[in-house]
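There are two complexes below, and they share chain A, which is joined by chain B in the first and by chain C in the second.
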Partner chain A sequence: MPIEVDGKVLETDEEGYLANINDWVPGVADVMSKEDDLELTDEHWDIINFLREYYEEYQIAPAVRVLTKAVGKKLGKDKGNSKYLYGLFPYGPGKQACRYAGLPKPTGCV
Partner chain B sequence: MAKADFNVPELGESIEVPAIKEGSMAHSSPFVAKPQFQEALGFKGEIGENWKEDTLEAMGDLLGKYRSLQVYMDICVKCGACTDKCHYFLGTSDPLNMPVGRQDLMRKVYRRYFTFAGKFFGKLGIPGFVGAADLERDMLDEWYSYYHQCSECRRCSVFCPYGIDTAEITMAGREILARIGMGQKYDNEIIGKVYTIGNNLGLPERALADTLEGLEEDIEDDTGVQVKLPLDKKGADILLVTPSADFFAEPHVDGLMGYAKVFHEAGVSWTLSSYASEAANFGMFIGSYKNMREISLRIRKAALELGVKRIIFGECGHAWRVAYSFLNTLAGPFDFLDQKYPIPQHILEFTWGEIQKGTLNIDKSLNDDMTLTFHDSCNVARASRMGDKPGGQFVIPRNVIKAVCNNFVDMDPDTIHEKTFCCGGGGGLLTDDLMEVRVKGAMPRMQALNEVTQESGVTHMAAICAICKSQFTKILPYYGMTMDQIVSVHQLVSNALILSGQEDTDSDDEDDVA
Partner chain C sequence: MTTKKFMYVNRRAPYGTIYAWEALEVVLIGAAFEQDVSMAFVDDGVFQLLKGQDTSGIDMKNFSPTYSALGDYEVTKIYVEKESLEERGLTLDDLQHLVWEDEDEDWAEKDSIRLVSRAELAEVFAGQDVMFNF
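Presenting the complex of A and B:
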């Protein structure tokens, strides 16, 4: 089911991930989060932006520990853990936040 | 956090056999692989007009290749022993999730086209007289649905007086489907990533190197000791092959750090390989010998190129089945390895050996905040062994846990060892599009866990399979428990292991088991 962002129709796969990562604009995260009834705050954006930067460098979403460590360094040690991330993204930082950030879904034994 | 658009089974006093509800899971069906992913594995892109001929041809080929499949098709006497043994039946009440129901989906087609009685009565127009049925197009959809509601865990085969292994029938069903153009998206895309990148996750070498460096920093921050997690180190003695989830997810990664610490203390040289950065072998899930072999050959190639003497597998259930039972015939002979050691060896065998030798300085009290139980992973329990004695695969993991923890309680004996219940997400079902079957199929294990929680105060369950760990992380909240109640066995080892030269362990007051 395609989504409409800023007047443009963007293809997604069966699970709602962008079909083409280059289609991503910040509006993608807004539209997707609205569908989930989640209001994006600056804290959410910090994560989404980090995911995108990491992906650009490494062509994969960061491992959970890489993500929590980066968040801990940037926002304080009390926030560098999975609980904080699941608080922001109840469906999981890997899956929900990656989707908002336009990244492919991490799959495997995870 | 878990929201479900289906009913989550309620946990009662004990596991009850439900009254059947026909068709209650007929809607469950995973996404089909797109043509490009099908073709990359050597399968037909999509189902075509000749689906019937294609199906029967593939089935005939498998029946010719695997005598076991033909025997299983022939020998069921409908005794009923298997009917209440499958976790998916217990959790869903759907009679096609009874092992015999699942087998009969294929058996009736087998009888119609591959037995004299079926051909004879089929021609008379009454194939049902001998339990046979004409192959219709919608039967393939039914196969696709129910052969993806089996985790190939083999629990039913323990109870079948004839030893019929439904897992092999499921594998055959999936292979036939994949060949005719109905492969599963999750499995087939993942196998594709192993070929192009080296692991299920698609973690490229640079990302892997960066992740491992980060873990080295973490261990040093925690302990003050430099522990290496080497990658592609030529000339190392040991090649560690572990599921890529160990690099990526929690609590897997805590186990990986545990392996590294054990190797460090044992004083052995070891390495990971970026080329063979995956232990799990999804070729087995789809019953494809060809893909299973290609994935296994990567391990051989990496071992040869790195010049190692030993191969050790990390905590990964299906990987250990392939490694223990099939690696030598798939990718052997391993005559270039040191024959003094098991080929391959399980990380738990290694760690147990070090514990017995007394190399490891263990402070069990560091795990005193937990009371543990152990979930036997299906493929380790019923399709492999550890150590040199029968039942070693049950004893060694428990020995290691008891060596590093003061508080350990086993679950109901009908739910452990060879009678263990699958986590509900094994065999290629660990995907979000199968969440309902995963949650429902986890019920028997959740029931047994809940019982020891209530009766003995168990707080955490340890496992030695990446899929089990990921599945429970997701499923525990559906049953009112928390995701951090599942731990890696080597995470427990890591918690209790005091490294040589380690600083005061209380310097970090943060409990990192998140």
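Presenting the complex of A and C:
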């Protein structure tokens, strides 16, 4: 179902991921989180921005296991664990955060 | 579940066919199952690891940066066949420098690529439980 962000209609796939990664603007995360009844905090944005940087560097969305480890290294051990990440993104940090970040579904996400 | 030794053999150049990208995706997905994973690059497969790939002229995604993520997925054994490089006028310096970080040693970077001869690679293959050819 397409979503409307800043007056523009953006295509998504059947699971709600952006069809075109280049369409992404921060408003995408705001609109998607509103649909999930989730309020985005700086902590959420840390993860979303981290994922975008990861994609920029490696051209893939990391599996949740890889994300957890990488967040631990970059943002500190207290954040690099699934309890913290699932607390932020209850539908799964890999899937939900990648969707907000405009990335495809994580590679290695079963 | 007992751990098995999985070997993914890459024999084709990237982009001409879908094999290289598919193999990479299979490896990344398979890494979730915590097996003992190795990759080998032989014949034209060595071209997959070349530095400085530019796909802007062929309208395809340049997936070469993704090989650098293999370390994050705990794929740390990447065999490159020496003869295949030589036959194509290449050396190890023409390939990306792939590393993995050892969490147990304060994230020390270690080389992932192992340059082996055809005979050595045959021995590595003989020691595997499962082989995938791409």
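Methods note: the second predicted complex is superposed on the first by the 104 of 110 C-alpha atoms of A that agree within 3 Å, B and C clash if a C-alpha of one lies under 4 Å from a C-alpha of the other, contacts with A are read in each partner's own complex, and residues count from 1 in each chain.
The rule is simple: contacts are C-beta pairs under 8 Å (C-beta built on N, C-alpha and C of every residue); 3 or more make two chains touch, one makes a residue touch a chain.
Fair warning: this is a prediction, and the values are worked out from it, not measured in the lab.
> In the superposed model, which partner reaches more residues of chain A, chain B or chain C?
B
> First (chain B), second (chain C), both or neither: which does A:V25 touch?
Neither: A:V25 stays clear of chain B and chain C.
> Kindly classify A:K73 by the partners it touches after superposition: chain B alone (first), chain C alone (second), both, or neither?
It touches chain C, and chain B stays clear.
> In the overlaid three-chain picture, which partner chain does A:S82 touch, first (chain B) or second (chain C), both, or neither?
After superposing on A, A:S82 lies in contact with chain B but is clear of chain C.
> Now for A:E14: first (chain B), second (chain C), both, or neither, which partner does it touch?
first
> Common interface residues of chain A with chain B and chain C?
The overlap between the chain B and chain C interfaces on chain A comprises residues 58-60, 62-63, 65-66, 69, 107-108, 110.
> Show which residues of chain B lie in contact with chain A when the two form their complex.
Answer in residue numbers: 1, 31, 185-186, 189-190, 193, 199-204, 206-207, 210-211, 214-215, 218, 243-245, 247-250, 253, 280, 316, 430-433, 466-467, 470, 483-484, 510, 512, 514.
> Give the list of chain C residues in touch with chain A in this complex.
25, 28-29, 31-32, 61-63, 65-66, 68-69, 72-73, 101, 103, 107
> With touch defined as at the start, can you tell me which chain A residues reach chain B in the complex?
Within the complex, chain A touches chain B at residues 14-15, 58-60, 62-66, 68-69, 77, 81-83, 86, 90-91, 94-95, 104, 106-110.
> Any idea which chain A residues touch chain C in the complex?
It is residues 57-60, 62-63, 65-66, 69-70, 73, 107-108, 110 of chain A that touch chain C.
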